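Report on the following structure.
Per-chain numbering from 1; labels A, B, C and D assigned in written order.
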Amino acid sequence: MQALSKEDMARRVARDIPDGAYVNLGIGMPTQVANYVSDDRHVIYHSENGILGVGPAPAPGEENPDLINAGKQFVTLLPGGCYFDNADSFAMMRGGHLDIAVLGAFQVSASGDLASWATNDLSEPPAVGGAMDLAVGARRLCVLMKHCTRDGEPKILPECEYPLTGKGVVNRIYTDLAVLDVTDSGLRVVELVGDNTLEQVQAVTGAPLLPPES
Amino acid sequence: MQALSKEDMARRVARDIPDGAYVNLGIGMPTQVANYVSDDRHVIYHSENGILGVGPAPAPGEENPDLINAGKQFVTLLPGGCYFDNADSFAMMRGGHLDIAVLGAFQVSASGDLASWATNDLSEPPAVGGAMDLAVGARRLCVLMKHCTRDGEPKILPECEYPLTGKGVVNRIYTDLAVLDVTDSGLRVVELVGDNTLEQVQAVTGAPLLPPES
Amino acid sequence: MINKIGSSMAEAVSVVKDGDVVMIGGFGSSGIPLELIEALRRHAPKDLTIISNNAGVAEEGIASLLRDGLVRKMMCSFPRSKGSVWLQKRYKEGSIEFELVPQGTLGERIRAAGAGLAAFYTPTAYGTLLAEGKETREFNGRGYVLETALHADVALIRGEKGDAWGNLTYNTAGRNFNPSMATAARTTIAEVKQIVEVGDLDPEAVVTPGIFVDTVVLQEGLLDASA
Amino acid sequence: MINKIGSSMAEAVSVVKDGDVVMIGGFGSSGIPLELIEALRRHAPKDLTIISNNAGVAEEGIASLLRDGLVRKMMCSFPRSKGSVWLQKRYKEGSIEFELVPQGTLGERIRAAGAGLAAFYTPTAYGTLLAEGKETREFNGRGYVLETALHADVALIRGEKGDAWGNLTYNTAGRNFNPSMATAARTTIAEVKQIVEVGDLDPEAVVTPGIFVDTVVLQEGLLDASA
């Protein structure tokens, strides 16, 4: 089977970000999506710690210690951007003002349940951050993740085995093998990477897949 | 019986405003209290429409149409003052951040119930504004009003006859005849105006008065 | 290019449909989007629900909408001001529904809608007529009233400066309900005194981030023209 | 003269008593009142409940309070960062109570306390482990969780500029939890980089009005001195 590189996965998500969208990119791979959104799309990035209009990384030596993104990386502000406090930032997230959020995930269920913050390992203190607020609040929630775990186990399942981030919140899943939509009738294939067949992708997917709409 | 003028009533309240207090003065007679707070008291006035540090009226011709107080009079801002929106302003009021509010009233009950926004006349649309928020939120709620109605009826009653602004919210009542505290045992006289006797003031008060604490 | 600058007041308010819930900013005479209201009056949608702190004075602002019979329901905290007549008239003749909401509760219900909260418990109005029929509950021995989020189809607000991203500042106490209303409507239209270049507003001093604003319209002297 | 300028970090934090609930501003490495935390560590009250978004990294900030055994309970949304060890250690040895709160719920609970609200219904965490044991309710067919206000005895926050009235501005994303925490504590102490004259701050750009602040302390290089 053909599998996209991490870069190509981010590139694929970037293609679907429309001009003028307000977008929140989760920590890790989702953050990379911004690198592939073409310059003619005037996308405004939100960072949960209180920024709209997040710009690229600063030049070395020009970092402002207080100006970081949710992943604690130094960033800059675009002209037209602004700052606000936590209450206002999460009002934006929870209140349905962001057009798109892209999050990583451990598991996604057939009905769009998202598990992204905790495994069943209770030896470490759990961390959730703003993921649950994004999950319920973004108008459109996209997951960007590898189709399977490192051990080859499916991450797309009938029901999540890990604690949920949100119930029935995911709209679309981008993986290295395919793009899937969560629909009322189940997971529908939007596209398959390269020459991958539905049967091949189904074989590494825990939940039934519907063929692309013709 | 001796009765204070409106000016002297406002002057009496002003005497009790401590240095450095955050104070909200209600529309009407309470607004006049600020005129009598001596300059060595650095009182910060709050206006519900979104001002801290309300200053005196502007010079003629220097009015800013947007810079008004809750009574819709033109005001100025003192150095150190600032502006904020309705949500933040009422967070200050309801959240217990104001030291003192002074409100007018139609009636006050023996247990500190306040009736200040509506009579039992339902022919006019009622108006409440921010009075209910101040009533529950100010750390100390003082009422400034005439002791009796124009017809000589008592305004201090066992129970209010008019709709309440808040239940058990009043701490002190300043009238033209006396100053009264609402206590767990009832209304206690703090002071009587001039040579007024407890019996005289009691005769025009609907609820029993306790003598001053010695 | 993100460009939220609207071409005219008339076009901006043309999104308002019959039966819409419309929030209108302002407190007393301060921070009212008077030109947007005038454009709305001329657009003349019917059966509106208007949510605003006051109800206009004389023939101005919301009073003109009440006079023209565009309003089915009015929600506010303080409908009477010196010189206001139309709310009283419509109220007395029973031709409009009127709901009185304490000012802080009105503002907090609007904020809750914008912040994605369904409801909250406030101490305001507990034990009073304005809490009658509402759910109440004690927390730590004190009484609270359950109040729900208040959403709108359209919010008409007034800023001082605005840019093409929709960022807004206000003039002094002209903020009042404008910033929270901007967050609570499906469509938010801001009337501004001045349009500035994107990047000209101090990012530390933007009061309403552009994400909450759909259209920014420069004042065009609509009221002078109608006089 | 209203003068909220404190004479030293040490004196400012001396109000914190054993068993107090202390809110501490900051997100990641941004907007943390590091000098106030260091002064608190030296003051060394016991059995503190600390409410903050994170739990410090290495030996810095809140991590130093955890290391020194001053913390009985920690509430935060994201305790683990690259290089954080002490929260994990105290958690694994079972020597502290730990409560995980989704970030938006944490912030909104703090705001509710400052705004005098008892509780609110949020959709966040509905149907998840973090809502277990909590009251839930449907509004318009959607599930919500009841969350209560979160008050503190003392809030330690960090501003950029402050004045003697307690007015504060912040540096870019250094705002984060600082403005809401300022409203939710009986005593709020702000560490600032610069103290300016009353009247120097633009009244349109004050982020935390002085009413919410009790003491403003200029950074004094406490961490350099301890190095």
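One rule holds for everything that comes next: contacts are C-beta pairs under 8 Å (C-beta built on N, C-alpha and C of every residue); 3 or more make two chains touch, one makes a residue touch a chain.
The structure displayed is predicted, hence computed values, not measured ones.
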Which is the least count of steps on a path of touching chains running from chain A to chain B? 2
Quick note, more Cb pairs in contact for B-D or A-D? It is A-D
How many angstrom lie between the centres of chain A and chain C, each centre taken as the mean Cα position? 35
At what distance in angstrom does the C-alpha mean of chain C lie from that of chain B? 29
Would you mind listing the residues of chain B that make contact with two or more other chains? 77, 83-84, 87, 90, 93-94, 136-137
Could you pull out the residues of chain D that touch at least 2 other chains? 108, 111, 115-117, 122-123, 170, 172, 203-204, 207
On the basis of the stated criterion, which chains touch which? Give every pair. A-C, A-D, B-C, B-D, C-D
Chain C touches which residues of chain B in the complex? 47-51, 64-68, 72, 77, 83-87, 89-90, 93-94, 118, 123-133, 135-137, 163-167
Residue set of chain C touching chain B in the complex reads 27-31, 53, 77-82, 87-88, 91-92, 98, 100-105, 107-108, 110-111, 122-130, 143, 170-180, 207
Footprint of chain C on chain D - complex, ascending: 108, 112, 115-123, 137, 139-140, 142, 144, 148, 169-170, 172, 202-205, 207
Which residues of chain D touch chain B once you look at their complex with the stated criterion? 1-2, 111, 113-117, 163-165, 167, 183, 198-199, 201, 203-204, 206, 209-212
Interface with chain C, chain A side, in the complex: residues 20, 22, 42, 44, 46, 52-53, 77, 79-84, 87-88, 90-98, 136-137
